[in-house]
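The first chain written gets the first letter, and so on, giving A, B, C and D; residue counts start at 1 in each chain.
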Amino acid sequence: MIWAYLYNIVFYASCGVTVLATILMISRHNAVHALLYLIISSLSLAIIFYLLGAAFAAALEVIVYAGAVMILFVFVVMMLNQGQRSAAHEAAWLPARGWILPSVLAAILLSLLLIGMYSDQPLQPYGVHGVAVKDVGIALFGPYVLVVELSSFLLLSGLIGAFHIARKMPSHMSSNELEEVDHG
Amino acid sequence: MQLLGIIISLLGGGVLALLVGRQSASASRWLSLVSLAVASVFYASLWFDTTDPQATSLWLLHMDWPWIARFGIHVLLATDGLSLVLIGLTLVLGYVALLSAWHEINHRCGLFYLNFLFTLAGVVGVFSALDLFLFFVFWEVMLVPMFLIIAIWGHEGRRYAATKFFIYTQASSLLMLAAMVGLVLLNQQQTGVWSFSWFTLTQTDTSGSLGMWLMLGFYVAFLVKLPGLPVHNWLPDAHTQAPTPGSILLAGILLKTGAYGLLRFVWPLFPDAASTFAPIAMGLGVLSVLYAAKLAFAQNDLKRLIAYTSISHMGFVSLGIFAWNHLSLQGTVMQMVGHGLSSAGLFAIAGLLQQRLHTRDLDKMGGLWGQMPKLAALSMLFAVAALGLPGLANFIGEFMVLLGVFQVAPWAASLAALGMILAPVYALIIMQKGFFGASLGTQTVGTTEVLDLNTRELLMLAVLVVGLVLLGFWPNLIFTITAAPVDYLMHLGKGG
Amino acid sequence: MDSQYIDHAMVLAGILFCLGLVGVMVRRNLLFMMISIEVMLNAAGLAFIAAGSAWGQPEGQIMFLAVITLGAAEVAVGLGLTLLLFRHHNSVNVDQLNQLRG
Amino acid sequence: MQQLWLIPCLPLVGFLLLVLGHGRCSRSAARLVGVGSVAMAALVTLWVALDFYSPGAAQSYQVELWPWFSAGALEVSFGLYLDGLSLSMLFVITGVGSLIHWYASGYMWQDPDYQRFFAYMNLFVAAMLMLVLADNLVLLFLGWEGVGLCSFLLIGFWHQDPANGYAARKAFVVTRVGDTAFAIGLFLLFRELGTLDLPTIMALAPEQFVMGANRPTLIAALLLAGAVGKSAQLPLHTWLPDAMAGPTPVSALIHAATMVTAGVYLIARTHEVFLQAPDVLLVVAFIGLFTLLISGFTALNQTDIKRVLAYSTMSQIGYMFFALGVGAWNESVFHLMTHALFKALLFMTAGSIILAMHHEQDIRSMGGLRRQLPVPFWCFVIGSACLVALPPTSGFFSKEAILNASWQLPGYGPWLWAGGVLGAFITAIYSFRLLFMVFFGPQKAQPHEPKGWQFHPPLMILAALSLVAGWFVLPTGPVLPASPAGHPPTWTIVVAIAMPLLGIGIAYQVYVRHQWQGLRLAQWPQLRQFLFQGWGFDGLYQRLLLTPFTALALVNRHDIIDGVPKLLIQLSRFLHGLFSQLQNGQLRFYIATLASAAIIVLALALKVL
C-alpha cells in the first residue's frame, strides 16, 4: 500500500520537475543553463519511464540522452563560446512580445490533445501492463530485427554527415571559398 | 509500301540534312530536295495504284502491322482519293516552301531542313493514318518541328508566337486524346474488343450525350487547327513571325489537317452528334468568314492580313463540311486545295517583298508596279485568286460550298456569300497599298535598285499559278478522284 | 497500476511537446531550437513508452529505441550544421539563412 | 457553226501573247496582236452569222467544249450556246470592239504601258464573249466576274494616281455586291430547278414556276440585283461616273458599249424566269425610269465632258431596263445595239477632243471648236442626233417602239410613257447643251488637230453605222417574247417626236443665244450642288456604309478575342506574385505555418472545427 502511495508521489513529482525544467530551459538566455535544465528534464523523464515499467528505456534515456547527446551539445556550446558574450544577444532576440503567438498556438495544440484524449473516441485503451526487458529483447531480435538494422544505418549516416560537415576548414580560407572546397 | 516509303524518305532526308548541314548549308539544301524528289517518286507510284480503274476497294491499304496488340493499336496506313489529293498538295507545297527557303534561311540550315522535312512527314502521316493512336502520334510529330521553325527562324516576336501556337494546338490535341480514349472505351464496352482502328470505330454506336462530348473533343482540336473563330488568334501571330517557308507550310498544309480531321473523324465517327451540332458549327463558320474578313481589312501588316484571309477561307471549309452533302464536301476539298495554293502564293510574295523592302508594313510600300512588274502581276493574280475570281481554283471551291450549303441552310449560305463582297475589299487593299499608288521612291526601298523576280522565284510562283489555273478550268482532275471517297464518308456520316 | 498514470503520462507528453514547439518557434538561436526539438523528441518517446506499457507490448520501447537513434543522428548532423552556420555568418541567428527566398 | 469556239478563244490567245511577250516585243507588234485578235474575232462572227442566216439553219446551236466540274446533281460544262440574242450581242461586242481597239491603238500610242493596256482590253473582250456565249449560268458568272476584273484593271490603269485606284476599287466592290446577289439567285435557281443549264432553265421555268409565286419572284429579284450592279442602275450606280478615271477608249468600250449592257443581256437571256414574276418586271421598269430621270437631271449640270456622257449612258441603259420592264424585249436589245454604236462614237469623239485640248476635260474651258475640229464636230452632231432620237437616226426607231410599248402596259402605262417622254426631253437638253458649249460660242483655247489614220476612219465608220443602224433587223425575234401589238393613239407619237425638238430649241436658246438665263440652274446653288453630286447617293453610301465599316474595322483592329489569352497571362503573373510572398526565407515563419497547419488538421480529425 505504501508502495502505491510512494509510487504516486514520485510519479507526479517527476512530472512536475520535467515540466518545470522544460519551461525554464526554454526561457534561459544562457545556453549552458538551458542545457543543464534539459539534462534535468531528461533524467526526470527517465524516472517516469521506470515508473511506467520500462526500465530498459529509462536506462537508455539516461545513457544516450543525458549522457551522449547533452555532452555533444555542451561541446558545441563550448566551441561556439556561447557563454556570457552572447547572453546579451539572446536578451535582444527574445522580446516579451515574441512569446504570445507561440504560446497561444501551443495552448491550442495542448487543449486539442487533451480533448483528443478525453473525448469518448473509441481508440482510448485502459490499463497499464509493464513490459520486461526480456520481452523487449526477444521482440527486438525477433520480428523487429529490421528496425535495429535501420537504426544502425541511421546512426552511421548521421556519423558520416556530421563528420563531413563539421570537417575542420583550413583557417586561411574565407567563407565564400567554401563552395570551391566542397566541389574540389 | 509506297506510303511508308514517302514517310521514311522524308524522315531519313531530314536526319541526313542535319548531319550534312554541319559541313555545308547548300549540301543540306540539295539533300532535302533529293529526299523530296524520292518522296514524289513514291507518291507517283502510289497515284497509279489508287487511280487504276480495276482497283477493287476504295482504300489502298499499305500496312497493318500490330504495334501495341494489347490495345489493338496497329500501324495502319491507308489512302483513299481524299488523302491522296492532300498528300499531293503537301508535296507540291513542300517544293514551293523549299524553293522559298533557298536564300532566306542561312543560319543553322541543317537543323532547319530537319524540322522542315519532319513536318512534311508528320503531315503525310496525318493524312494517311487510319489508326487513331497513330494519327495522334503523327499529329504531334507534325506540331513540334513547326514550333521550332517559328521559334528559331522567325522574326522579331517569334517566341511569343511560337509558344502561343504550341499551347493552343497542344491543349486542344489533349482534348482529342481524351475523346479518342473515351471512344475506344465506348467501343470496348459495346463490342468487347480493344481497337483503335478507324474502320471498327465507325461502327460503334455514338448517339446520346456521351457521343456529343466525344465529338466536341475532336471538334475543338480540329477547330483550333482549322482555325475556326473563337480559337483562331494563334494564326495571325504565328504567320507574322514565321519565316516564309514556315508560313507556306503552316498556311498551305497544316490548316488542311484540321479540315481533313473534321472530314475524316468528326462526322463518320459521330454521325448523330455531328448532325445535331451542325447548325452551331455552320454558324461559327459563317461568323469566322465575315469576322476574319472584317479584321483582314483593318490590318496594315501584310502577313497578318493574309493570315486573316486564310481564316476567312477556312471558315468556308468548316461551313461546307457541316452541310454534309456531296456538293459541299467536294467543294470543301477543292477549297482546301485552292486555298493551299493561293495562300502559299500570297505568303511567298510577302516573303519576297520582305526580302527586298525589309518591311511587312503596307503603309511603307507603294508604287512597286513600276519597279517590279512581274512580282506585281503575280501578286495581282494571287490576290484575285484569293477573292474568288472564276477560272481559278478558289472560285470553284467557294461556289460549290455555297451551293451545297444553300440546299441545307439557305440563310447561312446567303450570309457567307456576303464574304464574297468583303473578299475584294481586303484583297484589293493589298494591291492598292502595296503596288498601285504613287511610287514612294527609294526611301521605302532600302537598296537603290530593286530587282524583280529571278528565275528561282519565278519558277516557285509559276508552279502555284499553273496549279490554280489548271484546277480553275479542269477541277474534274480532283473531283473524279475524290468522288468515291466523299460518297463513302457521306454514307458513313449519314449514320449508314 | 491503474490507468490514470498512463493518462497523466500522455498529458505530460503533450505538455512537453507543446513546450518544445514553443521553444522552436520562439528562439532565434539555432542551438536553442535544436534543444527544443530534443524535448519534442523526448515527449514523443514518452508517449510511446506510455502506450507500450498500457498495452504491455514491447513495441513501445522499440519505437522509443528508434526515437533515440533518430534523435542522436539528428543532433549529430544538426550541430555540424550549426558549426557551419557559425563559421559562415559568425552568428547563430537562424534568420540570416534566408537566401532561399521565393 | 463549228468554229464558234474561235470567237472567245482569239482574244484570249491575244491576251496570253501580250502577257507572255511583255517587254520583249515592240509596240507595233503589240498593236498588231491587240487589234488583230479582236478584228479576227469579228470576221469569225460574220462567218458564223452567214451560217446562222443561211436558209434552214437551226435557230440555236449548242456545243460542249469540255466538262468543267461535276459533283452529285450538279453538271456544269464549258459549253457555248448561240442563238439570235447572243449573235446580236456578238455583232455589238466584236464590231464596236474592234473599231474601238483600232481607235485606241492610236489614242494610247504615247502611253508607256501600251502592251499592258492591250492585254487587259483583249482579256476584257474574251471575258465579255464568254459571258455572251455561255450555255450555263456558272460560265456566264465566269464571264461576269472576268468582265468586272478587267474593268477594275482598266479603270485603275494609270495606277500612279491613287484616285484612279480608289475609283477602280469602288467599281469592283459595288459591282461585286450585285454579283453576290446574282450568285445567291443562282443557288436558289439550282435548288428550285436542279440545273443551271440555260436552255433547260428556259424550258423548265414556265412549267415549274407558278406565275407570281414567291420563289420565281425571289429568283428574278436576285438576278435583277445582279443586273443592276453590273449595268450601274439606280441603287448600285455610283461607280459609273467615277469609272471615267480610266482612259477614254476604256470608257467607250466598257462603260458604254459592252459591259454595262451585260445586265440587260442577263435579263433578256433569262426572260422566262422574269415572265413568271410580273411584279419584278414592273420593278425593272420603275428602276429604269428612275435611273433615266435622275441621271438625266444630273447630266444637266456636269462640267466634265466624260461625266456627262457617263450619266447619259446611265440614262440610256435606264431606257433599256424601262423597255424590258414594259415588255418591249426586242426593242430593248435593238436599243442596246444602237446605243452601243452612237455612245461609242460620242466617247471616241470626246476622246479626240480631249487629246486635241491637251487632256483638258472641262467643257467650260472649251468653245467654238467646230472649225478647228471638223470631223469630231460632225461625228458629235450625228452621235447627239441618235442620242436624242431624231427621226431618221437609229435612236429614233428604238426609242419610238419602247414608248409605244410602254403606253399599252395596263395600269401604269400612261404614267410610264409620260416619264419616258420627259426623259427624252431632258436627254435632248443635256446632249445639245454639251454640243453647243463645246463647239459653239467663243473660242477659249487653241486645240491641235491629232492627225494620223487611226483617229478618223473608226469615227466615220461608226457615224455611218449609227445613221444606218435604224434599218438593221436583229435576229432576236424568235428568241425573245413578242412586244405588245396595237398602236397607241397618234397624238402620243407626235408628242414623242416633238419633245426632243423642243429640248433642242431650249438648249439652243440658253447656251447659244444666252437668253432665258432664268432657266439656268445657277440661281439655286443648293439644288445645283445636289444635282451635281448625283442626287447625293455617293454621300449617302459614304455615311451609311463606308465610314461605319472602316470605323468598326479600326476599332476592333486587334481582335478582342485575342484578349482572352492575354488575360490568362496576366492572371497567372498575379497569382505568382501572391504565392511568392509565402517563401520569405524566414525559418521560424515556416515552423509557425507548419504548426498551425498541424493544428487545423488535428481539429478537423477530431471534428472539433
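Observations, loosely collected:
Convention: a residue touches a chain if its C-beta (ideal position, glycine included) is under 8 Å from a C-beta of that chain, and two chains touch if they have at least 3 such contacts.
Worth saying up front: this structure is predicted, and the values here are computed from it rather than measured.
Most remote from subunit B, judged by the distance between CA-atom centroids, is A.
For the interfaces A-C and C-D, the C-beta contact count is higher for A-C.
Chain geometry summary: the mean Cα position of subunit A and that of subunit C are 5 Å apart. For this pair, subunit C with subunit D, the centres built from the Cα atoms lie 97 Å apart.
Each chain gets a centre from the mean of its Cα atoms; for subunit B and subunit C, those two points are 67 Å apart.
Note on chain placement: the centre of subunit B and the centre of subunit D lie 37 Å apart, centres being C-alpha means.
Looking at subunit A, one finds that residues 101-102, 105, 109 touch two or more other chains.
Multi-chain contact residues of subunit C (touching two or more other chains): 21, 25, 28.
Multi-chain contact residues of subunit B (touching two or more other chains): none found. The set of touching chain pairs reads A-C, A-D, B-D, C-D, using the touch definition from the header. In the complex of the two chains, the subunit C residues touching subunit D come out as 21, 24-25, 28, 94-95, 97-102.
Across the complex, subunit D meets subunit C through its residues 579-588, 591-592, 595.
Contact residues of subunit D toward subunit B in the complex are 19, 22-23, 66-74, 78, 138, 141-142, 145-146, 149, 152, 156, 159-162, 165-166, 169, 172-173, 176-177, 179-180, 183-184, 186-188, 190-191, 549-550, 552-554, 556-557, 559, 561-562, 565. Considering their complex, residues 592, 595-596, 598-599, 602-603, 606, 608 of subunit D touch subunit A.
In the complex of the two chains, the subunit A residues touching subunit C come out as 7, 11-12, 15, 18-19, 22-23, 25-26, 31, 34-35, 38, 41-42, 45, 48-49, 51-54, 56-57, 60-61, 64-65, 68-69, 72-73, 76-77, 79-80, 82, 86, 89-90, 93-94, 98-99, 101-103, 105-107, 109-110, 113-114, 117, 125-131, 135-136, 138-140, 144, 147, 150-151, 154-155, 157-159, 161-166, 169, 175, 178.
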